[in-house]
Amino acid sequence: MIKVGINGYGTIGKRVAEAVTLQDDMKIVGIVKTKPTYEMRGAIDANYPVFASTKNKIPFFESKGIEVSGVTEDLVNLADIIIDCTPGKLGVNNMEMYEKAGTKAIWQGGEKHEPIGTSFNSLTNYSESIGKDYVRVVSCNTTGLSRTLYPLLNEYGINNVQAVMVRRSGDPKDSDRGPINSIEPVLNVPSHHGPDVQTVISDLNIQTMAVKVPTTIMHVHCIIVELESEPDVSRVIELWDNTPRVDLIEGFLHNEGNKIRNLPGTAEIMEWARDSLYTRGDLNQIAVWKDGVHSFGNKLYYYQAIHQESDVVPENIDAIRAMCNIESDSFKSVEKTNKALGIN
Amino acid sequence: MIKVGINGYGTIGKRVAEAVTLQDDMKIVGIVKTKPTYEMRGAIDANYPVFASTKNKIPFFESKGIEVSGVTEDLVNLADIIIDCTPGKLGVNNMEMYEKAGTKAIWQGGEKHEPIGTSFNSLTNYSESIGKDYVRVVSCNTTGLSRTLYPLLNEYGINNVQAVMVRRSGDPKDSDRGPINSIEPVLNVPSHHGPDVQTVISDLNIQTMAVKVPTTIMHVHCIIVELESEPDVSRVIELWDNTPRVDLIEGFLHNEGNKIRNLPGTAEIMEWARDSLYTRGDLNQIAVWKDGVHSFGNKLYYYQAIHQESDVVPENIDAIRAMCNIESDSFKSVEKTNKALGIN
Amino acid sequence: MIKVGINGYGTIGKRVAEAVTLQDDMKIVGIVKTKPTYEMRGAIDANYPVFASTKNKIPFFESKGIEVSGVTEDLVNLADIIIDCTPGKLGVNNMEMYEKAGTKAIWQGGEKHEPIGTSFNSLTNYSESIGKDYVRVVSCNTTGLSRTLYPLLNEYGINNVQAVMVRRSGDPKDSDRGPINSIEPVLNVPSHHGPDVQTVISDLNIQTMAVKVPTTIMHVHCIIVELESEPDVSRVIELWDNTPRVDLIEGFLHNEGNKIRNLPGTAEIMEWARDSLYTRGDLNQIAVWKDGVHSFGNKLYYYQAIHQESDVVPENIDAIRAMCNIESDSFKSVEKTNKALGIN
Amino acid sequence: MIKVGINGYGTIGKRVAEAVTLQDDMKIVGIVKTKPTYEMRGAIDANYPVFASTKNKIPFFESKGIEVSGVTEDLVNLADIIIDCTPGKLGVNNMEMYEKAGTKAIWQGGEKHEPIGTSFNSLTNYSESIGKDYVRVVSCNTTGLSRTLYPLLNEYGINNVQAVMVRRSGDPKDSDRGPINSIEPVLNVPSHHGPDVQTVISDLNIQTMAVKVPTTIMHVHCIIVELESEPDVSRVIELWDNTPRVDLIEGFLHNEGNKIRNLPGTAEIMEWARDSLYTRGDLNQIAVWKDGVHSFGNKLYYYQAIHQESDVVPENIDAIRAMCNIESDSFKSVEKTNKALGIN
């Protein structure tokens, strides 16, 4: 049983904790939080040992009736591996602490690739992380791009990818984030997403643009791929149907000449995810609209929706297995994780 | 085992179906749907028999690989009681069909009180529905007002209530509803909510106003109650703490002179509901902000949040028990329902 | 010609500047800004002398091709009166600087009443500011409440007012403000609005509650007034029709039994304001829905919409006249201001 | 003086009316409206003769105190040219009526190209409309794409264009349109925008995708152009600087190592447009972010924002001139229109 500690019990941290608990080869030995806010609920219900980020925070936790098992360093010493889910670009500062304790660590996509050195996607480069001490699971958007581009790369070869990320502005709980009524482009081109995909699929020729829009529930990607040979749309759909953690959906149904709204947008997709009674109403899979896939010559056009809160959760589990040498075959880990999480 | 049919498998219908399945004294014998859209997912996963609304819709269902067990009338004949969750103000047209089949029926708060004759809230007037054939479970807002006003009425007596409902404009999945950037008042005063509370707490002196705002997740009520005697805020909080299906929450935490956002708004409340890993991320309880309760003389001011998709679900279960003469004691039914649903 | 300086050229500052320019008894001698962002456009088009907030900011202005006439202190020395529109709760720190220069000053409603000592509304207490050095024009919400309550107070007498402010979360340009999908109550009761009205209508018995909602364009007030005698709705409407800076609007039209959306919400009201070709699409007046006014016994219920960006602009002009002893009769000042601004 | 009639006095109709009024070679002889709602305000203020859409609507107008000069056919007979701004895809049904009266007509981009036969953009194909009876001014998005692509085509030659339109869901006043919290892709690829550009720039190789997002104020285009030769970004910016009805803006300013928000999104752009005190706060120009233009080899990437309510207004004016043979030189018409409208 791999002993897993969670440093930063927010959107990703709490989900990874719950996913770890569902596996039979790893367990949670504690979670770190900075403040005893409402987000403690899941940890308390699950009886995870709670560690305060620093010593001076302990009285605050105790004042809310929460028993504290120690501070961050204590958990780091206790765990075989830490999932670092502290806010973006700060997590890497913790590397020294992990190094000192001889504890492995996984960071999330908010960190940059370079200081960590290895980036991870279950499908595309699992083997690079085997036995590694420090690994970064790429962001939700990069994970989404990788999952649907990789099968195309293998089947057809890719000349280049042009993608526009239409990004939600904050998670549902991020009530302090705007805008309420504005569209904001990411003026740096390429946006960080393109280069980031290259950390898990090297040599892919990809440029990305991005805009931020006033919604909280999912990102949507508009993707144009120039393949090395002419694709057949039905074959492409079949490829994705056989790809783990990709779900094919229909935007519209047709009956007696009528076009009927089915899953036309991210609102309905999230409802459909809730209808599966999967934990939290999450969608670990990438949703690709079957009726949005089109080809013209070598060019393939498609749309996909990304549940930013949860798609990287199974990748974190797989990364633990690779790093801790529990499983060397990526497909076996993916299958095991999926089964435990109820995916497909 | 009471045989329950669901006519209209949407926001409320699917939730009541799932809640029925969790009880030991009732079961789902089928659900009616008009179109085989994505919302079938839950019914298929749960193996509910599916009935098409009308005969001509059957081929559409079959074209999507869904086995159809019959049409609405067939389910009505099969069931002991129908939960009618067809769109507001149309459901009452089905009464004749239910009457002909000798099947009991429950409608939702979108219908008017008069044609049905009995309105229901578990706490305030359970006994009025015992043995009845036709009952209407009041709307999400009326249910919310009733749950927190009734204990005040019993403890202090109420001179009058002034309440403003700040309403979400559509459910999360209602992507065709606006507005995107507008506030729209309900210009008829009193809004229907006040008179509607009187169908379950007769003689209550209550006037309501309402506005519609661009959010999808919860309603918020701003309530001013003039009591017959001076209230003590801590006693009021204690009363609600002992009231079933009311949850007390804190908007802000305080530590070392700092004010920390905890559950300041509906976004965080919905996240907290998801954190409980309760089905669908629902919140059947009314959330009352402890730090928003204030009194000045006989007047009590408070805010509460209503999860419009789910708060009436346990009331539907209780109403089934009352109407089918399974349980004559409201408290026993409430307790049984709550336990089965994991409330509190 | 009164020499007016604007300290803080943002939402309110730029509007007051434009309004001053339209008067024949005052003029702009300069505006202070901290950064040469896009909001300079109006100042440059109008040829207002530009002052940098501090000396070290001057090169930044010059790098954008903007000629700088000095710093804040220079403008303060130059002006007869400063309109302080610096961000809320900071403006009062400037009082010492104004005192030293012997320059009068007006602050906005983001400041508290006490340190300034005199609060201002054109209709209710103009005379209190005559000849004063330091005055605070009350906030947009307080201005709105005062304009419609004062005529009721005079005609009927008021026992008490209960009001709920449904507040927009940020101005249209405040793209960094959320929430995107949440309702957030103001948990302190009374919200600051009630006591604030008492700074311009002393002895008014008023309690207010407030919620913040995800819209940018207007606040909506839901108001319940218990009068000393029974009101007649048509008389009330007539009173407001004769009140300056109050506009009566119709939410719905009726034709051949059909109900037709006219100005049902704040989105349409803002469009109607733009249709008047009034500067910036502003609405200096308070919009009261005629079809939303109702009475039951002594109680009067009504809804009004507040254009938070502009309703206090004419009050600032009137306050200048009162403080600088140009006009002692409030009605004459209001009439003069309205005429110059094209109101009514 | 060309006599212009407006059939459909909504978002576009009222703006074209106001723009016509500002020209010295044309005038408004009347406007048609179906209902006497608030949108009449501008017509009444401007003293435009009002025509009811049909005879039976006349009493409704008169009941609101509006004098009616006749019905649609009367205005068609009176006018030299009709600007048909009736709701999309219905307008073309009016062609027979215009034909019968021998009146020229302009439709908007909601209509299809084929039944009308000639599509119009001032910059790209003005001469095709000279003397024509029926012309269609292309949509706001097509107009925006044409304005910035055409100079690139002339200077460099274009191999192909890939563009993603991030579309606002409704105009500010369209309060009945959603979604509130969803992103909805246009699953047909290419979206209609690409082929539509080809109606005014034939032979352009362009494919477009589109998504609808919850905002009301502007569209944003993400554009990737493969040129025939390698572009220089500063030369590209210079080209656009010299292109009529294109405005170059800066998303961020830089000072002493700090990055300062200037016009990072559509909210700020609309504020900046309002600051110009241009009528209604409109922006007839296409706003291109200077700091968002990048090139890699022959590929050019850029972002632009489109004010959907107003960018086609000057094109309508130019189209009138071309069709009525007042001006054969497109540049002269553009210059004349721009001057009258205060553009640049």
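Labels A, B, C and D are assigned to the chains in the order they are written; within every chain, residues are numbered from 1.
Criterion: a contact is a pair of C-beta atoms (placed from the backbone, for glycine too) under 8 Å apart; a residue touches a chain by one contact, two chains touch by 3 or more.
These figures come from a predicted structure and were not determined experimentally.
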For this session: Mind listing the chains that sit against chain A and also against chain B?
Result: C, D
Problem set entry | Chain located farthest away, centre of chain C as origin (C-alpha) | A
Exercise. Cα centroid separation between chain B and chain C, in whole Å?
Worked result: 41
Seminar exercise, completed: Between the Cα centroids of chain A and chain C the separation in whole angstrom comes to 47
Exercise. Which residue numbers or ranges of chain A touch two or more of the other chains?
Worked result: 172, 174-176, 179-182, 184, 214-217, 264-265, 267-268
Exercise. Touching chain A in the complex: which residues of chain B?
Worked result: 14, 18, 35-39, 41-42, 45, 60, 63-64, 172-176, 180-181, 216-217, 249, 253, 255-256, 260-265, 267-268, 270-272, 274-277, 279-281
Problem set entry | Touching residues (chain side chain B, partner chain C) in the complex | 162, 164, 166, 168, 179, 181-185, 187-190, 207, 209, 211-220, 222, 224, 251-252, 264-268, 289, 291-292, 294, 296, 299, 301, 303, 305
Seminar exercise, completed: As the complex stands, chain C meets chain A at residues 169-170, 172, 174-182, 184, 214-216
